[in-house]
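Look at the two complexes coming up: chain A is in both, with chain B in one and chain C in the other.
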Partner chain A sequence: MSAYRILASALVCLCSAVALVSQPASAATPGLTLDYARTLEQSSMVFVPYEGQNRGPVYYTQYTQVPTGTSSVGTLRRIIVNLRPSAHIQELYIPFVNQHGIIDVSASPLPAHGECQPTQGIKDLLSFMPANYQPTILTAGYPVACSLSLYFPVEYEAAVRDYIGTRPVIVLDATVPLCEPTSPRLSVNAINEALRTAGVLQVSQTGVWTGNYWDLLYESVRLTQTRPQLFVTQDPREGWQVYMQLFQLDAVAETATMSSADAQQSIYMCIPKPLHIRFGQEVMP
Partner chain B sequence: MRNSKLSTCAVLALLTGAVNPAVAAPMHPAAVAPPGSYSAQVLNDFALLADSDNPNLVYFVPKLGNLAVQSPQSPAPIPRFQINSYYPPSGVLQGMELTSLGGTLSPTADLAALQRLQTEAARQGLQIAPAPVKSARTTFNLFAQQSLTGRVDTQCEVEEFIITFPNGNQVTQRVPKCRVRDLDGNFVDSNVVYKFTSVPAPANSTANQNVTFQAMLLPDWTQSLKDTMLFGDNFDASLSATTEWLISANTLTRQARLTINWQSLFEQASAYTAFHLNSCVEIEISAFFERIATCQGGTTPCGIFIEYRQADGTWTDRAPSDANFNAIVEALKDSLQEELFTKIQAVNGPVSTQPTAIFTLRANYEKIVTTRNEVMSIAYNQGPAPFNANTALNIDCVTGGFGYPVMYDMNNPACRARVGQ
Partner chain C sequence: MVLVMTGCQDARRPDDTRAKALRTCVLAGLPPPTAPGAAWTVPGHALVEAYQRCLESPDTASAEDFHALCQDLARPSSDDPSRVHITDAPGGEP
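Entry: the complex of A and B
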């Protein structure tokens, strides 16, 4: 890690921060952040709570296709195939949430993180149906990830049921971006204290940190070299960038200010651990 | 005697108490932030607004609502929801299984979220109240296909078509084809709704009004809804509603400081009226004040220099926003028009039928001979600004139906938490 790269990125960061300051200060929308350290994984269920709460999304790694009963629409018949989490069908979900007191926020991985398609096999089977009655993916909610609508003439009911019973009719491919539970946390306060010792930052009674930004820039970059462990990431530049973004810069007074709320943060430096959710992948011959 | 004095006091107190809420109104969040600080979860669940008069009052608009639940503290709360099969005895849909469902959606059904807001507000010495709303519009979304408001009636007829099987055999199919009028009044195909009615949230009320609906759905969806009720899934994919609340929010009355060089200002006014043959109409007078409000360069060329008071107590010559700028032009006109111009209006009999008046320059020697700059303060207000907040209403935490009673799902901790248990 060469020092000039850090300085170059420092300048980029500084310029963007100054640009931010010149805009009218808008109330930041506090988002709910996930607490990866408390991730729970149990029989194909993955629960990640929000910081300081027992609420959060539950994701599933295994799904099962479950057809509904047959509806009669005139002389046509209709079945909807739901892609339901296996944990719900095996009745593992309710014991799991009750055991850990989980408040499930009912977050579906779709459509944000992936998509569903009918398989080529089921499309071929019902290819003779008119356009309005072709196999169609329906929007689904939670816990059903997606649904497939199938219309067919009464003569085909047995064939369609057989097909659903033996082969997948839906292809699901989703990737939820999650982080390793062991992702290190950047302690903002530890860096602030180190810089206070260096005489760069001062803290007010209300916990607001201020200092001259040229001094802050120089000393914080020096800190990435002398005590890189404070910035927790492999490349200390990443942690440093996240840390510097917490300052509000005043270009006229040449001061940098960090709010007390930001100073108390300990920020996840995410080691990506995406959750792959797959169903019905057809084997390519 | 003493009693009557007491009761007079009580009546007075009651009167003042009754008068205040009529004046008090929510403040636009861009003008005044709601008092207190709240957890991320509360800010995620509610839109909060400050009150114009009472610094200890917070108005809320729930962002999420659910089915209304009665007896929430009992071991078996009663959801206001019912779902059943229905077989039409005649007509195009005769003998097919339709679904009839109905219920009441409540914006404050998440009692745990409301309790969290109440606790956090009470800890800071604040009271909470549902925000007063000017109007409300509820839109229903069925199977992501139709946005429905009010009432829907579908027209159905039988459509016939021939299917050719892969082996060459042909069969005739007879399928009900239904059409429904969309929001623009055009007929569109529908395979979802047969009948739909709803009672929307009333206007001029508060943001915690219930919304009641009844629907009958076409046979295509019956089995799917049976599955939903069997597994206790949420209805997000089938039926959800959104209520859009319109809140008339107050904005702050702001202060501006004018530094006026009367001689220079009269020069400007004189040149302007001369150009309009010494008889300006009202709109030209407005244009004059807009011109001097935008004039850059201080008191000597412009005649006037405007400074706006910022929230932090400092003064700036830049208007905070467009709406504020329009308000300041009006305020300028109100305070300076009398000094600069004379209004001439023809009066026909007791009531003037003349819609317009003409303005000419006023010979205001008292001001023209002033050699010093005069400093004046004016107050301006951009008027109430609309603030929109949405409540998404969803159906979940119910099982049963189709011949069985609909039960609230007390097995699921998320559902239990919602009724505060």
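Entry: the complex of A and C
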């Protein structure tokens, strides 16, 4: 049985305790929430739109290493090896985007969710090169996940190209913390209405909810016991914690207030579905 | 008919003993402070659940009763409305 987790802020963090945790993936654009219910997966591409939009990040589960042409640097030669999504090389990306009207925000899984390293094999092959000319990972532009810079003597070019063509020279290891499309949403309004019926909360004409803090505390906890489904998490106290944290407190008057905006929220209670992106760890199938 | 007014004694709630026993029981049922000398805060639901467990009968549970318990026992946490600070009542004892 899946455990429910709550990931609440812009940070990418997975925690196993009941305590409040940070928000899942990375909105490539901070402040926007991903709508996991509309996740699209096709041909090693995973698209998750932002709520209310068809814009969002496209992540890739398969990559191909693509060497560039050789450039000269003094007496040395240089090749850049790009780790490019296989879906782009196979010309599957454009039809996918067009078919679904996707607006790609060009989010890279790196560096937020993982890293690239040169393989031990390519480091061993070029271990004789001076320190400044060792295989080095470079930051790349989307959709390339990362690039590898290789310097070598001119007489090594054939061997290096042969090596690149027959085995991985880059190790990519990333995990994007996505959520199950079926992750439940906490309806703040449903809880507020239940507490209004219980006489605990009142709502103003501007949609602001207020009540005595102690009454709110008591009756809301009772609600987790009598109507746990309102809090949608497996342990309703997790959803209850998120709900309570939407209130502002006047500690002197002992009143709790929730803004109209917060009262209208439908908050994702994420069931983690991490997207593992790997390249170079295993022998090519 | 003559109404004989007797002077009211100073307030001595008949359930004073009950209130003290309830408070003692609830305090014992709360998660302890995380460190000696640290502010004692607990999840709000833990306070409610401790109150419920300490009642002689579930039928006696009420928001008013809980509210009365909390007056000498806890105060809200402005930083995190899901948690409460546990306080010592003036002159009170565990």
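Just so we're on the same page, the second predicted complex is superposed on the first by the 251 of 285 C-alpha atoms of A that agree within 3 Å, B and C clash if a C-alpha of one lies under 4 Å from a C-alpha of the other, contacts with A are read in each partner's own complex, and residues count from 1 in each chain.
Following the convention adopted for this analysis, a residue touches a chain if its C-beta (ideal position, glycine included) is under 8 Å from a C-beta of that chain, and two chains touch if they have at least 3 such contacts.
All of these numbers come straight from a predicted model, not from anything done at the bench.
Colleague: Please indicate which partner A:Tyr268 is in contact with in the superposed arrangement: first for chain B, second for chain C, both, or neither.
Modeller: neither
Colleague: On the A-aligned overlay, A:Ile103 touches which partner chain: chain B = first, chain C = second, or both, or neither?
Modeller: It touches chain B, and chain C stays clear.
Colleague: In the overlay, answer first, second, both or neither for which of chain B and chain C A:Arg237 touches.
Modeller: In the superposition, A:Arg237 contacts chain C only.
Colleague: In the superposed arrangement, which partner chain does A:Ile79 touch: chain B (first), chain C (second), both, or neither?
Modeller: In the superposed model, A:Ile79 contacts chain B only, not chain C.
Colleague: Have a look at where A:Ala251 lands relative to chain B and chain C in the superposition and call it first, second, both or neither.
Modeller: So A:Ala251 only meets chain C here.
Colleague: Look at the residues of chain A and decide whether chain B or chain C touches more of them.
Modeller: When the residues of chain A touched by each partner are counted, B comes out ahead.
Colleague: Name the contact category of A:Leu217: first (chain B only), second (chain C only), both, or neither.
Modeller: After superposition on chain A, A:Leu217 lies in contact with chain C alone.
Colleague: Which residues of chain B touch chain A in the complex?
Modeller: 29, 33, 39-41, 43-44, 96-97, 143-144, 158, 161, 163-166, 171-176, 191, 218-224, 226-227, 231, 233-237, 396, 411-414, 417
Colleague: Enumerate the contact residues on chain C facing chain A in the complex.
Modeller: Against chain A, the touching part of chain C is residues 43-45, 47-49, 63, 66-67, 70, 75-78, 80-82, 84.
Colleague: Could you pull out which chain A residues touch chain B in their complex?
Modeller: Touching chain B from chain A are residues 27, 29-33, 50-53, 55, 66, 68-76, 78-80, 82, 84, 88, 94, 97-98, 101-106, 128-130, 138-144, 147, 153, 155.
Colleague: Which residues of chain A touch chain C once you look at their complex with the stated criterion?
Modeller: 200, 212-215, 217-219, 221-222, 224, 237, 240-241, 244-249, 251, 254, 256
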